[in-house]
Amino acid sequence: MPKILKFDALVIGAGIAGLQAALDLADQDFKVAIVEKDATIGGKMIRLSKVFPTLDCASCITTPKMAAAAHHENITLFTYCDLQSLDRNGNGVTAAVRQKTRFVDEEKCIGCRQCEYQCPVYVSDPEQGGFSGRKAIYIPFSNAIPQIALMDVENCTLCGKCARVCPTQAVNFFQEPQDFLIEAQTAVLATGFEVTPLENKQQYGEGKIPNVITALQMERLLAPHGPYNRVLRPSDGMEPDSIAYIQCAGSRDKSMGVPYCSRVCCMYAIKQAMLLSGALPLADITIYYMDIRAFGKGYEQFFQNAKAMGIEFVKGKVATISEGENGGVRLHYESQEDGGGVTSAEHDLVVLSLGMVAGWNPDGHCRISTGSDAFIKTVKPKIAPTLTEMEGVFVAGAAAGPKDIVDSIVEAGAAAMEASKYLASLNRSVKAVA
Amino acid sequence: MALVDPEFTEELERFGVDTTLECFNCGTCAAICPLIYEHFPRKMIRYAQLGAKDRILENSDDLWRCLHCGLCTHTCPREANPGELILGLRRFVIANWRGTANV
Amino acid sequence: MSEVSEKKTAEKEAMKKLRAARKETIKRAADKMKKQKNAIKDIKKQLKDKAGTVPEIAEATGIPSSEVLWYLAALKNYGQILEGEKDGSYFRYKWAGNAPEDPGE
Amino acid sequence: MADENKANESVSESKVGVYICYCGGNISDHVDVEKVCERVKKVPGVAVARTNMFMCSDPGQELIMEDLRSGAVDRVVVASCAPDLHETTFRSAITRAGGNPYIYEHANIREQVSWVHHGNVATDKATRLVGAATAKAKQLKPLDPIRVEAKQHATVIGGGIAGMRAAKDLAARGFPVTLIEKSPFLGGRGAQLDRVAPTGEKVADLISELAGEIINDSAITVYTCSKVKDFEGFVGNFTLRFEKQPPQSAEDRNKIKEMSESGKGVGEFIPFVGVCPTEIPETSAEFAIETGVIILATGFKPYVPAQGEYGFGEFEEVITLPEFIRTLAESGKNGNVLEVNGRKIKSVAMIHCVGSRQIPGVHKEDETGHLNEYCSRTCCSATLHAANIIRETYPETRVFDFYRDIRTYGRGQEELYEQAAKNKVLFFRFEEAQAPVVERNGGSHGYPLSVKTKDILTFGEEVEVPVDLVVLAVGMEPNDISDLVDMMKLPVGADRFLLEVHPKLRPVELAVMGIMLAGTCQAPFDITESSAAASGAAVKAAALLSRGYVELDPFVAEVDLEKCTGTGACVQACLREGALRLVEMEVGGEKAMRAQVNPAVCTGCGACVAVCPENAINVKGWTLKQYEAMVDMIVSEESAA
Amino acid sequence: MYKPRHIIDLIADNVRKTRNPFGASNSTINKWWKDTPIQREGDAMLFTGLMYQLVPYIEKSTRYLERYEDSYLANYVRFGKYMPKFLVGLAVRFLASKEDKQKFNGMLHSIVKILTKSSVDFYYRQELDYYSGILLYDLGDIDGFTNHARFVASTLKENGVKKLVTVDPHTTYALKVLYPKYTGESFEVKTYFELVNFKGGNGTKQVTLHDPCFYGRYLELSDVPVKVLENLGIECLTVRNSGQFTSCCGGPAESISPKLAKEIGDRRIKDLQATGAPIVAMCPICMANLRKGGVEAEDLSTLIARCA
């Protein structure tokens, strides 16, 4: 019989939406468990450079929320855990959770990174867009929470150096996954998004054309402790003079099975363009787009500022990308405004503004269905937008459709409100019975 | 330019084309077309949307540049079927020629 | 004393089993590590005396330039490479004099 | 003896820890952080000085906590971004390490240094600021926050969808709520819609449901026809006085008339009017409530086009989208052609971005000198939704859509756009500087108007569309709440909407503590987003009320009774009623008048400090001595390069 | 560029008169079966649609057209229909070389060999083997196409034909997709390579496969030949723009603008030559157009037959 842990509320996903929902519940003195599949909390946001439209550094906003959640007396974090199932159970829900193996004893590890320094194997680091290497035993990144190492067994030679150097004997090659149950009265799904797979658009090279990168990779190039600490072209380390953004590279395109708008790409492209013009003042930056969707508070003004800064906006969807001269990248598009017709342009570095696809499919895990866009279905989208088909289970952030950070945070508050109302209603009925 | 004639897209339905207005003019078809020719085929599609019959007839020869290779249709983000649209316009033009010849 | 050594023997046995079970992964990882070591050695050789750009290092070592950059980034991450002056559109990189030796060597 | 020494020397013995943040490069790109650290180490009283990539991160905070726990430091200076971002972050870290949160001083070397200075100057200025903070930190004394009880009650101002959502949420969570609405009806602007994009739900159903819950909830008291007259107090203890009066505005009277004509009564939804929750008052009355938190949900109003803008006001065939939505809803289907006022409409032009996305130099300011530079977020979907309804209900009515960018960003909205294309809506795209022109048609085409535009989609050629009707997709403007803004000292942005503290850190809170904002008083939102914002505001209120008390920073005036001579100058100077007064007390066996502070009311502005002839009053945590120490340090050589 | 109207009228006229676009009788063009014994009864009828047979004529005549494109002589094309000998005389009597005819006929022989080796129960009746009319469809002469297709479809139906084995993408698309839509008659249509069911063989070499548009996109059959060759031990190298994203050889433009056809063909050849391996095509039009760009592609049929 697996051990059972009891909480008032359960939050699935520790991205910005999940953290905010958990904090809003914990601040009302409810006991909250957060289950996160990744080894660190912080979600996609902690991996970003700066965020629109205020250009705050993403870390400046995310780290305090991460720290607040990690240290909140009412919040318990379960990182590197998979949600196996979520079912209704009496008045509440039961989640079956599997603690994945870090091969490092979580109680013992003090995050000193001795193991990491000693490990002889370099592995391409997804946290750095694959542009740099980490070791086969590692801490995800410097502001990760918790600061616990984990081992990448696929790249481990079992040389044992990490175990020998660990001051607390935390390395455990024999660790097994642990299953446990969380019982709570209510749950919030904040399972987030993934970016549109590159393979969906053959014309854009499927990731095989050098110097064509994704916007999330560009976030890393722009981030303070990015792989190169500056923006360089990955094929040969050249500082690019000309950078292009391809909008709707993973959205609004039925030919790749993503008909909907991903809502954030226009703004993040504009934001990155602004950051780039700061980092590389002499570089030409071009954004190829169909419609600029700067709809949020301050967004249109942000867009107009970018235009005024000299960032070039070209109307037209790029049709194909091909390898150009000397590591350059050639884009083919129809120039609509100057009557130029079909033309092509070469850039040193090209960024695909990929869209959002659902981060988690509830099918087989819980009795909640998804919309035609594969995001979690909501049942009262207008006046109670966080309600799902399952009683007492609410949804927040990009789990219920593409959303930017501001909207995700606000919606997380709304989900927390629904959850706390649900808790209040249960407690009242309990009282009434008593 | 001439007035917009919205009836035309319905006229085109006779020639097997019913997606004329589904195109949102992103330009993918023009850029992916192996011809690399001006704004083709979007230009023709846009004229069809506007009902600019005279423009289509004036430029009708361009329609026969199309290879009917289907790349535009395959990559159209709106599934507006630009390739078939061109084919439909060819039919319209031929009917026009032949109709005119009969007069 | 004997208890300790017993425990050690048991551990050794278990490790042996684990090695056997993960034979293929270990082989793959070890091959990768070997390739990395050679590449790092070559890059280090190039940078021992003078700072170089990515294309220069790639040219001298025969390692594709994108991989050279990857190694430099990874090594820089662990303090073994320093970024130097900019030369045209490229930066020069140098071996960090006081950095600890690569533990893999 | 030893203790006494310690007390006397506490200042010089303070062990200050200085923690300097790289802020990822935000600071370190311009300030040589390591150099600042080296220099600061030499400043007297600095026990340790450390740097970190992100001091606010967990490992960064851990550095501070570890030094406190080990006793290496007992005063903390963090040099990083603006204090409004992270001061509380570091105070709570100190608390977690067992320290008093007020032994903390913040040096802003981002906004005040790295974002405005570059090179050596930046490093030098940062050093001086950190030095000054260190000098002050040495003088800091542990303080206790002021704890005030919070009234277990919430007030929501505005009875639209957002206001109702917030009120219902808080009531369901267990707090009594007062809902104040200035009109006789609940439902707000939402009630003036019909079916809503993209789900096609009827607002009648949505508003009926919410209003029903509000009316039937005994925890919610609704005051309609009511306006706030007076406001005072502070978080947890606000007092609102408001007046309930018989409806006076023409708009309200019209709606009441429509209500009586509809034959519907209290509690029922009346299309394009709303739900009247309670009898309409015939006499005026004043009420006062004491409340712990206030949620503003004062909503928006549609932009009214200027005379002549796209022919508005000149041609009767030019109307706004809200007007059209109502017309469309109320015109009974009668054949395959839309009829408006008995006129057959065979061709409709819809023009986007009217009163939104205005550009200085291109668009004209309104009579108050304002331009709406923002996007109104909802009009694209609303327009396409209306276009679809026309095409699906009246297949012989053509629709022509003139846009700048189609912004169907939300879930299900791009599908609306696609559906419009499938419904054979014809789109034209124009540049902001070359807006479409609406003109009287020569009459040759049998249509009263024509719309001409340079169409980007047609390679910049001019196209002309003859039409019977032009619908202007007008944007949103905030309702005029200047009375509330003045009364409550609410921050307003350049766009005239209420301004949140921070769009991500505190998106639904205002800088005035205890006041939240919900819905379109903050920015244009659709109903989904308004509801989410309202619930988001409610949850902040719930957290505040569920604690039962509010902790305020102890930075309030403090009287040194040994120095006070009771001149009363401070009371005269005090800007906040009730914060300072003279009271009779025994001094040296004699009765005398002395100044006394009410810490819950005092805002720590320091006006009293400036006027006291005896230097007998100080703001805690910001004493004159501390200021002097800072100034001394700034000009001293110790903190110089 | 030639006036499309002239070309269309010419071709439509030819098809109407002779049931093929060249205005020569089918029996003049279709002679490949004469030296190959094939049964006249069986399960599925081999339906060549005359494409392989026509290519040598198309090739020669377009080369002729190419010479006069954009010259004042181009305008005389419109008189072609009044002088049927204009093309017939040039193409059929003089231009199509015996060598070429043998080459393309040889491909059909290979297909027969492949089908036989795959134990397909097929038959051939040259009098029922008609041109599909696809060119008329492509050119937009929907009436001309429909009339011709109805004739072909009803002739086949009348003769009890239900299953067809096709040999080129254009005919396959016409019979499989267009005929049901425009004539109301449906046949069970399979391309010959879908019926290959033998393995092994002697090839370990690599080839560059050029996917025709109709197989790649319209019929989504590109995977099939790759598998067939894989089973024969032949590796198909990755070509830039292939499968559903294949790039046109330029062939379809040849009747209107041979220059354009060549330009597009040359671009495609660059893609194909990038792999370094010999180029294999599976459509007679592609073969001809690649050849114009200087590439002698092998036909899939002869490759399979050779390596089997």
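Labels for the chains are A, B, C, D and E, by order of writing; each one numbers its residues from 1.
As a convention for this text, a contact is a pair of C-beta atoms (placed from the backbone, for glycine too) under 8 Å apart; a residue touches a chain by one contact, two chains touch by 3 or more.
Since we're looking at a predicted model, the values are computed, not measured.
Novice: Identify the chains adjacent to both chain B and chain C in the sense defined at the top.
Specialist: Output, common partners of chain B and chain C: A.
Novice: Going by average Cα coordinates, which chain is farthest removed from chain E?
Specialist: It is D.
Novice: When contacts are scored as defined above, which chain pair ends up with more C-beta pairs, A-C or A-E?
Specialist: Ranking A-C and A-E by C-beta contacts puts A-C first.
Novice: Can you identify the chain nearest the overall CA centroid, using each chain's own CA centroid?
Specialist: A
Novice: Between chain A and chain B, what distance separates the C-alpha centroids? Give it in angstrom.
Specialist: Here the centre of chain B sits 42 Å away from the centre of chain A.
Novice: Could you work out how far the Cα centre of chain D sits from that of chain E, in whole Å?
Specialist: Here the centre of chain E sits 69 Å away from the centre of chain D.
Novice: Please tell me the distance, in whole Å, between the geometric centres of chain B and chain E computed from their C-alpha atoms.
Specialist: Chain centres of chain B and chain E, defined by C-alpha means, are spaced 27 Å apart.
Novice: What whole-number Å value describes the gap between the mean CA coordinates of chain B and chain D?
Specialist: 50
Novice: Specify, in ascending order, the residues of chain A that touch 2 or more different other chains.
Specialist: Where chain A meets two or more other chains at a single residue, that happens at 203, 252, 336.
Novice: Give me the residues of chain B that touch two or more other chains.
Specialist: Only 24-25, 39, 74-75, 78 qualify.
Novice: Enumerate the residues of chain D that touch no fewer than two other chains.
Specialist: 406, 418, 457, 459
Novice: Taking the top-of-page definition of touch, could you list the pairs of chains it picks out?
Specialist: A-B, A-C, A-D, A-E, B-D, B-E
Novice: Can you tell me which positions in chain A touch chain C when the two form their complex?
Specialist: The contact residues of chain A facing chain C are 117-122, 124-125, 128, 131-134, 136, 153-158, 160-161, 173-174, 210, 227-230, 232, 234-239, 241.
Novice: Report the residues of chain B in contact with chain A in the complex, numbered from low to high.
Specialist: 24-33, 36-40, 42, 74-79
Novice: Which chain A residues qualify as touching chain E in the complex?
Specialist: 202-203
Novice: Once bound in the complex, which stretches of chain C touch chain A?
Specialist: Against chain A, the touching part of chain C is residues 14-15, 18-19, 22, 25-26, 29-30, 32-33, 36-37, 53-55, 58, 65-66, 68-78, 83, 86, 89-91, 100, 102-104.
Novice: If we count contacts the way the header does, which residues on chain D are in touch with chain B in the complex?
Specialist: 347, 398, 400, 406, 417-418, 421-422, 424-427, 429, 445, 457-459, 461-466
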